[in-house]
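In what comes next, chain A is part of two complexes: it sits with chain B in the first one and with chain C in the second one.
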Partner chain A sequence: MADSGIKLLETENLTKRFGGLTAIDDLSLSIQEGEIRGIIGPNGSGKTTLMNLISGLYKATSGAIYLDGNRIDQLKPNVRTSKGIIRTFQIPKVFRDMTVLENMLVPALSDSQGDRYKQRVEIVDQAQELLQFVQLSHMENRSAKTLSGGQNQLLQIARGFMIKPLRIYLMDEPFAGVNPQIKSVIMESIKEMNREKGITFIVVSHEMPSIRRLCDTVTVIHEGRCIAEGTLEKVAHVPAVIDAYIGG
Partner chain B sequence: MTISGKHLAILAGIYAILAPIPLWLGEYFIHVLNISFYYVVMAASWNLIAGYTGQFSLAHHAFAAMGGYTSALLVIHFNIPILLGIPLGGLLAGAVGFFLGTLCLKMRALYLGLATWAFAESFRITLSMGYKLTRGDLGLSTPTLLDTGQAFHYYYVFLLLAIISLYIMYRIICSRIGYYMRSIRDDEEAALSMGVNTVKWKRFVFVISSFFAGIAGAFYGHYIGLLSPVSVDFNEMAILIIMVITGGLRTFAGPIIGAVFIELLSEVLREYGEIRMVLFALMVIILMRVNRDGIVGLGRNVLPKIKTALMRNGVGPR
Partner chain C sequence: MIDSLLLSQYLIAGIVIGIMYALMAIGITFIYSIMKMINWSMGEFYMMGSYLQYFLVVYFLGANLWFLGIPLSMAVVFVAGMIIQRYLLRPMFVGEMERKDEYATVVTVSLMVFFRNLAVVLAGPNQFAPPDYAGPTHIGPLPVSGNRFVALIGTLVILGLFYLIVKKTWVGKALRGSAQNRVGIQTAGVNVLRVDQIAFGIGVSLAAAAGALLAPIFLVWPENGAIATMKGFEIIVIGGLGSIPGSLLAGLLLGIVESLGSILISPSFRDVYGFILVLGILVVRPTGLFGERQRVA
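Then we have the complex of A and B:
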């Protein structure tokens, strides 16, 4: 199953050390185009570090990352963005002193986009459409610092959708600390963007019900290694996974 | 950068409104206005880097002196026209800004402040030690731009300098670059992840703000006719900070209002000498507590209230 499709993103023996601590340990992953991949694992297992490596905020100690078979691990984060790799942050990062709409414009105006957008009006239209999609339209002209935690999450997710082309979207705990209504908005936007635009997702989450509804394949990470991969039902019965979660 | 007819008309309008002012004023007061125009350019260009980009550089006054000394020395030793020396002063300041910006790329707020302050201090000491070239603490007499020493004539030089500089800065802030600057200030990692080339734009802002400081400093030198290391005293930097914060950090009008206001106020309070700094410092502390957006923010908060109050009493328009 894992080998049938086109491989969009691969990591090869990826390792990241912080001094003596190995946060990602010889990890080889392979994500297919159009997939919604779940990444789960206990606290401190290296999930966020993996996101940081793929998006380029961290440089790998060793190993390689490929997008469409081309090495990208030496590229700067903003260059990776221009290749269609986009991410959210576990603690939502919004531009506090800019309005909600201005937040949305930053990626579209950024160096990564060249002239993929023709005009400002096109950008603003697109931004407003996406804000409507995540139900933030009424906040459009409010300063982002006035948003609630859940709304921050919605904003950072919607903002990422402004990038063209968007190939793979890394989401770090998108459901953490948001109310059920916002959770379902996020679920729907992931599903719809995947179905309609063919965007590939990697979703890091502790929320098993959401992961079950979204992802066909989940990867379980423990101490920086992949200890199981498959459907959530399947990995839930792997002894190593049970050990990891119980604190083995 | 292209300039539309409408913008040109607005700029001409501003010039036309401000041009007759010296006709009613005495020579000394015109001089004070000239100096406040100089500070307007300094404060606005520091606001670009500190207010809009969040890079709290403490070397802005040093770049002004760099522009001033460069232009003066080139004019004195190579006999080049002053109007060529001034842009060269700006360019050198911009180039040094590039290097300082590169040095500070990875530094967070406090460290950047310390590093830029250390840079400014070293520059000041270099100026006073290099007396063979700079005449050290005696000061360097600088050829003046105009044959006349009259402030009246310089008024138009500084007015134009301020209008043109502010217009260019305005255009930068409204452009894509303005978005990059503010996104970098609010969250550098998020900006980077959203595709903003943060390294490039942080350097750019360092260069452009240093360039404006250099140009302003060069005009200043060729107006006053004397440059000295005293202009790189930390007091000078403090004055700029006070101006920007009083007027409103992160707002376009803030530094303009703040620079004129503080410059005029310090003239009025001249007899109090150094005590003025204490007063200004207190003002900044109070403003930071009460109203972060300075005079501009005060206006924004208070004006609508006055308006509603007037309307409630049936005074204002319905």
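Then we have the complex of A and C:
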């Protein structure tokens, strides 16, 4: 789905300091509804900190974050989730001692999901459909701790799709350390959910081939600042980007 | 030569007391596993449970309806725990507070001192005993005190209910999710602060259940929770902090060791046997029987 031109998420002069270190420095971003935006940058450039700020795990030192024009940077992480901001982590945050299916049911416990007791059967059906979608349905009764890293990444992504409403999905290094087959399932899931459901994605990744296939626009972050924005081909020729990557 | 009947009797007594110790330890470890804090005032919630049971049985329910006092005491302490968590402990999880452990220690140690003194002010320093729950009975051929038998059955019922809530309900899923991955549960949309509140309420109500069940055996007085707390922490070291099966097994082990030590060596050093067991476990397996090494990412 091409972006709609409607601003869904914005950051305005966002800054995050950890003591003397400025991880995000006066960063202003604008993400359009229906877009798949890539965020790239060298290690330590502030990509994951940005994800943590948007999802509410960190509080900004200054600046603001808006969803649909409403300020959200003072909200708790679970409240942001209930407004449709979902995220995954590079090291999957699965519930290791639960089964795969139980992991999928956890988002049904959130406040935004209405009367879960009446909808129990539908919730389980939906979870099973999504497990099939990410090709994990044959493992639904297995403990999550028996899954490989890549399978846990898939489980984490599928669990995010359980949350309603889902407006914007933040994915932090979804392709890191996963085999090509799982990588392809993740790519197809992102593309299909974007095309069919209109979900907006922000994908943080070092995998340039995957970013090229998924994203029309990428934002390059270095030392907490946006140093370039545009197509991957365009930003690859920006001198500041070349300097950031090769340390010029 | 020790009589085998006497040995069996002590063994059963050890198992009975061990399961009751475990109830207290499970309360402590349950709160720790979810909130990642030690509640040093657990003994005072045990004490509250014992006082509530005593006053309910003596002044309201009567000796025949003693069994109603136990869920009522648990319910009152559950609500008190939720309120205490909301106003005194939740602030440490809101914002980016540093030194959470120190905050929790200061608050819960203060609660310990406060509740002990409150009990003295309200009920005096005297010891009370509710009427016996049951007369002497037998487990197989072995005679056993009725109060201990009732406490054993009551503990097993409460542990069974606890298991069902944690394993089979939606609330239980949220509790387990919070224990397994606190960040993951928040980003799945669950209000972890509310889960903390429920967990704290359940944890302290388990301590209250132990206090209510053991009231006729260990009596009711302002500092009666101190021994139960000490045993609870011994069990956690033996079983492993955060492990509920570990607490259950360690409770049994501690009860049996204390009981057999009393008959094989001397009952005067009953508490010492438990500490020797703790030291032995610390030497062989510092994380406890079921404890896991934690990796700080």
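By definition in this document, the second predicted complex is superposed on the first by the 239 of 248 C-alpha atoms of A that agree within 3 Å, B and C clash if a C-alpha of one lies under 4 Å from a C-alpha of the other, contacts with A are read in each partner's own complex, and residues count from 1 in each chain.
By definition in this document, a contact is a pair of C-beta atoms (placed from the backbone, for glycine too) under 8 Å apart; a residue touches a chain by one contact, two chains touch by 3 or more.
Quantities reported herein were computed from a predicted structural model and do not represent experimental measurements.
Overlap between chain B and chain C is detected when the two structures are superposed via chain A.
Legend: residue contacts after superposition of the two complexes on their common chain; A:Met208 is shown touching neither chain B nor chain C. Once chain A of one complex is fitted onto chain A of the other, the partner contacts of A:Pro107 extend to both chain B and chain C. Shared-chain residue A:Ile242: touches no atom of chain B or chain C. Residue contacts after overlaying the shared chain place A:Ile86 against chain B and chain C alike.
Touched by chain B in one complex and by chain C in the other are residues 55, 57, 76-78, 81-82, 86-87, 89, 93-98, 102, 105-107, 109-113, 159, 163 of chain A. Taken together, the chain A residues at the contact with chain C in this complex read 55, 57, 59, 76-78, 81-82, 86-87, 89, 91, 93-98, 102, 105-113, 116-117, 159, 163. Those residues of chain A lying in contact with chain B across their complex are 55, 57, 76-78, 81-82, 86-87, 89, 93-98, 102, 105-107, 109-113, 156, 159-160, 163. Those residues of chain C that touch chain A in the complex are listed here as 95-96, 170, 173-174, 176-177, 180-181, 183-193, 297. The touching residues of chain B, when paired with chain A in their complex, are 176, 179-180, 182-183, 185-187, 189-200, 250.
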